[in-house]
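Below are two complexes that have chain A in common, paired first with chain B and then with chain C.
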Partner chain A sequence: MGDLFRSEEMVLCQLFVQSEAAYVSMYELGEAGIAQFRDLNPHVNDFQRRYVSEVRRCSEMERKLRWVAGELPEPPPPPKISPSNLSPREINILEERIDYIESEIQEITRNARNLKSDYLSLLELKILIEKTQTFFQDQSAHRKISASVQIYNNEGVLGHLGFIAGVVATHRVPSFEKMLWRISHGNIFFKQAHIEKPLKDPVTGHELQKTVFVVFFHGEQIKLRVKKVCNGFQATLYPCPATYKDQQDMLAGVETRIKDLEILQNMFSMDIVKKCLIAECWVPRRDLYILQKALDYGLIKASGSPIPSILHYVPTKEIPPTFNRTNKFTRGFQNLIDSYGIASYREVNPALYTIITFPFLFAVMFGDVGHGLLMTLFASIVVLFEKKLAKKKTDNEIWNIFFGGRYIILLMGIFSIYTGLIYNDIFSKSLNIFGSRWRNVYDNETLLNNKMLELDPAEAYSQTPYPFGLDPVWEFAANNIIFLNSFKMKLSIIFGVIHMAFGVTMSVVNFNFFRRTELIYLQYIPQILFLLLLFWYLCILMFMKWTMYSAISTDPAYGTSCAPSVLIIFINMMLLKETESKPPCRALMYDGQDALQKTFLVIAYICVPIMLFGKPVYQMMAAKKRKQYRQGVESGEVDEHDDEHDGGMGEVLITQAIHTIEYVLGTVSHTASYLRLWALSLAHAQLSAVLWQRVLRIGLSGGSPVNSIALFVIFAIWAFFTLAILVLMEGLSAFLHTLRLHWVEFMSKFYEGHGYAFAPFSFSAILENDDEDPPAQTNGAPPE
Partner chain B sequence: MDSDDKDKAFPSDGISKSLKSFDIHTPIYILTVVFAVIFIIGPLLVRKGPNKEIVRCGIMLTAFSMWIFWVTVYIGQMNPLVGPRLNNTTLAWIAYAWGKPAKTETL
Partner chain C sequence: MGMKFCGPKLSLCGLVLSVWGIIQLTLMGVFYYIQAVALLEDIPIDEEDTHTISGFISAAENGYTQNAYNCWIAALLYVITLVVSGHQFWMNNRSSVSM
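Up next, the complex of A and B:
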């Protein structure tokens, strides 16, 4: 059968490859991405493996490259695809180059940092000089003392006062001042000036607000204390000349030095090749020829090795990985299934059917032509531009999710248009394409005297239904919900039973493939009979009620007042209750109903013990037969066929009991669970109607041109809420519910999901995983 | 009751009541045949390629699900047991826009 019907057949191969040829062959395999290697040295410590030094070298190189990339101001350009692989000699050259560049960059960064801190201190000094000019001018003016200054160790003496000048972080100034005041017992004079422009810290790169300060004091003791406080508050102290002329000179010098600073940068990028040295791998049978080609190519490239590489099939009882070959269209659906659990090896794959049933069940819950159109438009645009959009690698998870699911959204939108046409709902309005089948039968007097009137189907209905979908008259009806509720509930149950029956039938395919035909009789037949005899009979009753009872029936037993509730009939059938007949209504819908229902019930009840004991009894009998055979023939073969051992009979019975109870209760609860199809479509329709009637209708009322401005604004509001609530929120909600229906109600009937994913050795997968953290694909498909 | 006039307000009018059952089921036959053709013939028309089986399966499932949805909605509306409950203004508009207006004493 086709690609997606069940997972591919896998072959375990052993490769015997020369060391020289190994490198090239592994490279080819990495490009092809078809082989999953098994660890043949699981007990060996990572550090004791043979090629650990090579791996270490490669990780070192990677680390250095990552560090270099982090130092760059812009992200590096994407690596170019190398035309050929790298020989070990080329790797040595590469390693040397990387080392050289790394040390260069480290030195440059060190220099840059030094330069930056120099720059910062010079800047602060310059500002300090400018600001303190004002202080000293004041001082000189007031004290009339000539500015002769002796400078030793960053302090100066102005007349009898010594002073210390420096720069401190602004947020520390109040506590700094307070501390100085305290330690000097108030004998200092503190002046400060705030630097408006924030300065960049060279180490952290943050911008800091700084303040220039000058502290005037008298005496050596206070000088020491002030210096200690300055150190504590991390204030940088600067030599500050007191004379104007000296200040100007210093200022000039500082400015020239600032202008002389420059920074240099470098960049490059490259591919890294990882090595693998395990010679046992899982390969899909269809790709074996690629494996052979890779080994041969490696042989050709390696210099003169006389021993050919050998590909050897290993027959094994181990469980191979599960591999589903997907393309860009089917990958989304396969991901939905794999999120629940990877399929067991060669089990039937539900993803094939999910391609259609998932969008269809979504559309039953979403049914609106307008919203479906919006979804289809969005998805088509994304699909049309998918090549361009795929090149942009973003970290935006939400966009990546939407992009990955673009085909799912496209199908959901298309089906939603169809179901919207059937529900006759376009932005909560109905379309009258074929002409409604209901007419007004009341005359003007009746209309004038009654506010609300109900149309009688015997008179107002044309006796043929609207040919495609729901009649448009129901949109205006006040009892719209009553009619639709009963109708949509029945519709949901019908869909549910069909979907579940389909799921149970899938197990037949599995039984057939794995040669367990006895389970078809012991498990499938009782399960399907139980489901169909009870719940498909319920659906048949629904169809019968729809066809047999009508408003224009000549027999009053089949008229509107005698139409029975299908649910009550079903409950009475299960509880074996008799219904009383109230003339002219009949107790039963058709002759022989009682006998037929009792027969169905009995058969369904018989199915339960068959489900419960069939499989365990069969396994017990098969084990006994095998033991007899073994004793008779006295062969020394080890019996490795059965999964359970003798004495595990209790376990088998318990497992089977759990499965049976799960299935039987599941038929009831899962059938009811499908009613969410009704619930969500009702919610969607009501939200849509509310939005129209309460928002857009206000803008449509009134006739003057001024109302057009109001309509413009109101339309914007309506459009926003339509997109945000109805398309996005309801879409997400319906998506989730459909996913649950598939995972729980559909797949629990046949799906095992005990497999593990095929993770081939593939360069594209590794490179992708370096960029993003969670891998987008759980199954390793060969790169396209 | 002017039954002749009333009957002519509907699109399927002019046909006597004895043929009603034929009339009511015709769309079911037509559309079932259409969907059955898509279901059976459609998969045979798929081009050879790697995705042939997937496309076949898709066509069959689509045809079946669309058909079952349509046929359920159609049969559910064949014999309505309740009618819509409408405002008198809506009824007046229906009488004006869709079909022959109701008999009037005044006017």
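Up next, the complex of A and C:
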């Protein structure tokens, strides 16, 4: 059957794969994205699995790459997809390269840090020299020493006097001086000069105030002591490297892709005897040949081992995952349905019908040619440029939502243009394409003297309707809203009953497929009879009222003043009340109406107990038959199911009662719920009219050409509000209401939605999630 | 080439608005020119002229032609806006590519 009608048939397969061939086979499967693997080692700790070392290697490589990317001054270019797969040998090479780059970068940063501190030291030395020159120049005899100090040595000996020069943090100078004085018993000469410009600390980056000092002393012992004090106060003494070379940071960008293949292999269980890996996976039946091809390809690549990989079907009672094969067009609609709940395995898929019903119901609420055109144009542009726009990966959620739903928006726009033409509403004005069917029947005198005049359809109407849509004359009618209310409300009920009847009928497809034909008689027939006999009869009454009553009717009982309220007839039918007849009007619309209505009511009431007790009684009888059969075949066997069934019987009855009440009350409430189709379309039309009259009309009411500038500005304002309020806000509102109608009123009639999604092992899926959170995730085992 | 005074978003908005304005105002001008009845309530009419049928009709016709011209002039103004926005948009695209 077609792709979208129901979910795909899934097969549980066992794979027996050679260890060498496993890698390549898994790569192929990852590219294909068709198999969901089950974790065969769910009880084993992550750290005890077989391929844990490979996983660790991959994680390490990834960590290093991320660190390298962080060190880069600008973000790295996006990785190119490599066309060929990576063999284990290539992964080793990749690992080496990453290690090499990492160590290089670490060394470079280390060198940079060293350089910075060297530079700082040099700077300090330069300042120190400048400052101490003033000290030494005081005594002319010391000029010789300063010359030698400049190049290599820090200490000079002049006669019996030595000195030490250095730089210390300014805030330590007082205590430093005091300490020196104390240890030398006052036998030193301390000179200092403050460095005005603060220097940058290479490690922390802070700015520090430093002071240059020179300590003059006599003798070796004092020299040692002074040195110790200097170390204690973290004063830098000066041997400094002279060389200073520029280095530029060069970081190479790396293009690669890391896969989680090793994690996958951890999900395999080891078969020690045969030295091969066993895996279990869910595969769609149609894709089994791809699986076989991947295994064969793995064998070929893995240097031709003689043992072939075996694909083995496992018949199982477990519930497979639900997989719907979608393309870019159907995916949006499938997502709408999946948001409510994933379909049970192989149940009928409402997404197929949603493709048309969703845009249609939206359009009934949105109906405006102008706004529909805007939506269609926007969606068409997005669709036409979808390849280019898909490459732009952006975090903007709103844009992603619009882009993902571009086909839905396109369809909604097209349908809105259609309903806009039906409602004859383009930006709140009507189009007169075919010529109105109403004529003026008054003379000029009457026209001049009256503000409002009534046009009797018997005289002013040409008795042939406007060919397509609403007659444009209604734009000027004071009773426009009253007329349209009646029309749109009836329309909403008719659409609602059709939609719901369609939903109930969908359950027949499910009953048929799952071989539960008894439920068609015990559940579907009473349900549909209840719905149709009551609410489709209401719709038939509407059709009758539209056709049977006319302004030009010869029989006054079928004239416009005698047209009955359909709602009152319906209420009287349900309450078994008699309607009074007011001549010339008749009590009933047609002969035999009373008897027919009573019959419908009785049949509908009989349907309720069938819905209530049909399924439980059937299950009870089926259980009894089974028990009898079993007792007949294997006599003497104790039937444990007896007790279970009694307890189960109560539960089945209660569940069925809940479902019945839900359905019966639901028919009434959901039918009324469809009136939102009328409500929203009325609101939209009125908003559109108000916007035109209050905003755009101002720009159109001037006389002179100067007003064209005002029109220029006011048009922009009107356009902005049209987009913001009427297209975006009203569009979102109608979208939400349509979604609700589908989820609640339509799908509650037949949809189970207890399945779980098919999550295949696929590289594209992993890469997409890579951007959000870090990888190293095991592929999801189905929820047990 | 010229100064860039609009960002990419503003110039794109201006572009879309100008295209919409040109199309809609031209069409509205056409509808006013052919005296479409749907636009009857959106024309300027002096109250003093509406005391006779013929007076009303001529006032209505004047209003229609007046508004038609106004719409077309506004459409021309939007052509200028289109040129300016388009130029800004092109300049924005160009500078982001050459970067």
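Please note the rule applied: the second predicted complex is superposed on the first by the 583 of 784 C-alpha atoms of A that agree within 3 Å, B and C clash if a C-alpha of one lies under 4 Å from a C-alpha of the other, contacts with A are read in each partner's own complex, and residues count from 1 in each chain.
One rule holds in what follows: a residue touches a chain if its C-beta (ideal position, glycine included) is under 8 Å from a C-beta of that chain, and two chains touch if they have at least 3 such contacts.
This structure is a prediction, so every number in the text was calculated from the model and none was measured.
S.K.: Applying the touch criterion given at the start, work out whether A:T547 contacts chain B, chain C, both or neither, answering first, second, both or neither.
M.R.: In the superposed model, A:T547 contacts chain B only, not chain C.
S.K.: Thinking of the overlay built on chain A, is A:E220 touched by chain B (first), by chain C (second), by both, or by neither?
M.R.: It touches nothing on chain B or chain C.
S.K.: After superposition on the shared chain, which partner residues are touched by A:I709: those of chain B (first), chain C (second), both, or neither?
M.R.: Second partner only.
S.K.: Go through the superposed model and pick first if A:V364 touches only chain B, second if only chain C, both, or neither.
M.R.: Touch status of A:V364: first partner only.
S.K.: Once the structures are superposed on A, label A:D395 by its partner contacts, choosing first (chain B), second (chain C), both or neither.
M.R.: Neither partner.
S.K.: Counting residues of chain A in contact, which comes out ahead: chain B or chain C?
M.R.: The larger set of chain A residues in touch belongs to B.
S.K.: Could you say whether A:A719 touches chain B, chain C, both of them, or neither, answering first, second, both or neither?
M.R.: second
S.K.: Touch test for A:S701: chain B only (first), chain C only (second), both, or neither?
M.R.: second
S.K.: Just chain B (first), just chain C (second), both, or neither: which does A:S430 touch?
M.R.: So A:S430 only meets chain C here.
S.K.: Going by the contact rule set out at the top, does A:L447 touch chain B (first), chain C (second), both, or neither?
M.R.: both
S.K.: On chain A, which stretch or stretches are contacted by chain B in one complex as well as by chain C in the other?
M.R.: Comparing the two interfaces on chain A, one with chain B and one with chain C, the shared residues are 432, 444, 447-448, 476.
S.K.: Taking the touch rule as given, give the residues of chain B at its contact with chain A in the complex, in rising order.
M.R.: 6, 9-13, 20, 23-24, 27, 50-54, 56-58, 61-62, 65-66, 68-70, 72-88, 90-92, 94-95, 98-107
S.K.: What does chain A use to touch chain C in their complex?
M.R.: So the residues of chain A in touch with chain C come to 429-432, 444, 447-448, 472, 475-476, 696-697, 700-705, 707-709, 711-712, 715-716, 719.
S.K.: Which of the residues in chain C end up touching chain A in this complex?
M.R.: 17, 20-21, 24-25, 36-44, 51-53, 63, 66-67, 69-71, 73-74, 77-78
S.K.: Applying the document's contact rule, which stretches of chain A touch chain B when the two form their complex?
M.R.: So the residues of chain A in touch with chain B come to 1-5, 327, 329-330, 352-353, 355-357, 360, 364, 418-419, 422, 432, 434-445, 447-448, 450-457, 459-471, 473-474, 476-480, 482-483, 487, 490-491, 494-495, 498, 543, 546-547, 549-551, 560, 563.
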